[in-house]
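Each chain gets a letter, A, B and C, in the order it is written, and its residues are counted from 1.
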Amino acid sequence: MSEKMKTENLHLFYGEKEALKGIDISIGEKQIVSLIGPSGCGKSTFLRCLNRMNDLIKDCRIEGKIYYNGLDIYAPSSDTARLRKNVGMVFQKPNPFPFSIFENIAYGPKTHGMRNKVKLQETVEKALSEAGLWNEVKDRLNSSAMGLSGGQMQRLCIARALAVEPDVLLLDEPTSALDPISTEKIEELLLTLKDRYTIVIVTHNMQQALRISDMTAFFLLGEMVEYGETTKMFYSPQDKRTEDYITGRFG
Amino acid sequence: MKTRIDEELDKLDLGTMSLSTLVEEALGIITSSLNNSYGKARIREIAQEIEEKGKSLEGSCINLLLKFHPVARDLKRISSTLCTIRDLCRIGDNSLDFCEMLDYLSSTEICNEIGLLDMALNVKKMLSDAISAFVSKDAEKAKSVEAFDDVIDKFFSDARKKLCAVIRSGKDGYEEAVDVVIGAKYLERMGDHAASIAHSVIEECGTVEESKSEG
Amino acid sequence: MKKEGLFKFLFAAAALFSVLAVVVISLFLFASAFPTIKEIGPINFLFGKIWKPSNDIYGIFPMIVGSVYVTGISILIGVPLGLFTALYMTYFAPKRLYRVMKPAVELLAGIPSIVYGFFGLMVLVPLFRSIFGSGKSIMTASVLLSFMILPTIITVSESSLRALDNSLLEGALALGDTKEKAVFRVMVPAASSGILSSVILGVGRSIGETMAVVMVAGNQPRIPGGVLDGVRTMTANIVLEMGYATDLHREALIATGAVLFVFVLILNLSFSLIRRKK
């Protein structure tokens, strides 16, 4: 299995404060990798490094290397817009644009130059189908996306990310704001997407990590303490800190 | 740091220990029955108590799995406790079956001939060691219990040979020899279950030790 | 319990007071305007191209046109300028610059209109005269008015933009868009209701502005030929002649006020409709 993304000795600084301390991780193709750890330990920060979203934060400095398909994403020749097309992101709180469902999905392709109306229609349908939302919304593509339920909105955001045809999907606690049934639907969706996409998901819910991920990384205070096969890590963790966290004996 | 699950697991351990006390009493009745002081009525009572307590403890284990979704060492602990409870219950069943076998015999002479009392005393000691290894999570002790199962197996195969000889010889009471073989088999089974208890202790401890040395 | 009742009463009374004020003003204006317009004749009054009180001719069409031109052009200049400034302040300004800009804009809002008028008279009029040949004109008045409505548009637009969830912008950026494009494609539409409100407020201020306009617009009561012509707005008309007007002349001025009021009402209503459509 080939390597899709990799970081080497990644350090991240917010001004003087070191938020990520030497992260080395290799993310294999078509896997689901979950990032777990207590609040504020750096997992969301790390996730945002993978598509250079941290560039938007002032005073944020990165040392070390991040590779996508073997190429350094911070090389001067690298194209951020292209990177974000290939490495899509879904956020914790569903954030649909206040436009129609169609316009939401079409936003990404239009950004990258797609003008042909027929192609746009096809792309929107494909993305919504992949996200399991097509049948629910096909009759109201022109209605506002704000009228959808929370779970539908999140699937819309996933469809919106899929519409630009990425090969990596980054999800930052995608189900933490949703009810259990919507959560289950999204977990099922991620499992079907695994065949075609590499998925990295930050989650607070360890049961979720167990249910859907192949590999798990445990972050603590900016360090990646342990990284390995999910079932192995949850049954026989190598590091005591990992064991204390997953058995709830933290603090 | 003691958490809710720790308290629940400690309660579970106490329950398992009282179950094991009942089972040890059952084995005591077997050894005393072979010595001709009979405890037939009592064995039925104990077997009933063992079954009820076993069910209730199993229920507690399932409950803990449901409530706490344990992982890592908590999961291993509940898993091994569940196995131990089931093994103890099987030993209780076997004890009842053994005593019922004795009912069919006119005398324990044939048992004494093949040294069944010795075998029973050894099984009783094996169980006792397995339980103390479980309580103190002593992997070394558990390993020696596991190894001792070979001795019990040898006892059984020797007993079987002797009983076959009795049957072939056509001596008086040879039909009873068949029952005694079955009884010996029950004892051997009890030895296997005691070894299984020891094995879960090794499983539980062994991997924790591995991770401790690597962590 | 009693205190609650008391406060409820106080709140209701305050609300009623505002409603009452509008009702009283409207009543006063329309009670006076209707008979006046009837006497002059609605077509003569609203569409009459000549305003000569000395000859008893009261056609306010030139003033209506004047107000429309001056307000319209000030909006055309002020809204884009204000919106872009608000966008810059919200999304692109470095912290230090913002800390200077924000109080500057707020200060601009507080300058009295007569001071603006002086500025117009002392600076803009000579400037435009030297560049375009005409000092007091629609152009000068519009430019001055656009300065005056800028602070309103900027502050209201900026607060609407800031009230938006930042995750919308993040979502657009995560799809590969640039910040500059995303701000226009996502944030402006998302804040459209607030931005529209700022425009309504701007229009309201512009159409009702009197002193500053009087000082730079030229005040000729005739239909302008081009942007460099002088013009008289409805507001200027009232203030210039109210001091000495009597009888029908005075009532005609009050009626002009009523017409102005109606304009504002129509504008507000149409914006409300646009808002509701969204």
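Note that in this section contacts are C-beta pairs under 8 Å (C-beta built on N, C-alpha and C of every residue); 3 or more make two chains touch, one makes a residue touch a chain.
All values derive from a computational prediction rather than experimental measurement.
Counting C-beta pairs in contact, the pair that comes out ahead of the other among A-B and A-C is A-C. Centrality by C-alpha centroid: the chain sitting nearest the overall protein C-alpha mean is A. Mean C-alpha position of chain B lies 94 Å from that of chain C. Averaging Cα coordinates per chain places chain A and chain B 52 Å apart. Here the CA centre of chain A is 48 Å from the CA centre of chain C. Along chain B, no residue makes contact with two or more other chains.
Chain C meets chain A in the complex at residues 165, 167-168, 170-179, 181, 185-186, 189-190.
Residues of chain A touching chain B in their complex: 206-207, 210, 234-240, 243, 246-249, 251. Residue ranges of chain A in contact with chain C, taken from their complex: 51, 53, 56, 80-85, 88-89, 91, 93, 95-99, 107-108, 111-112, 157, 160-161, 164.
On chain B, the positions that touch chain A within their shared complex are 1, 3, 5, 69-76, 207, 210-212, 214-215.
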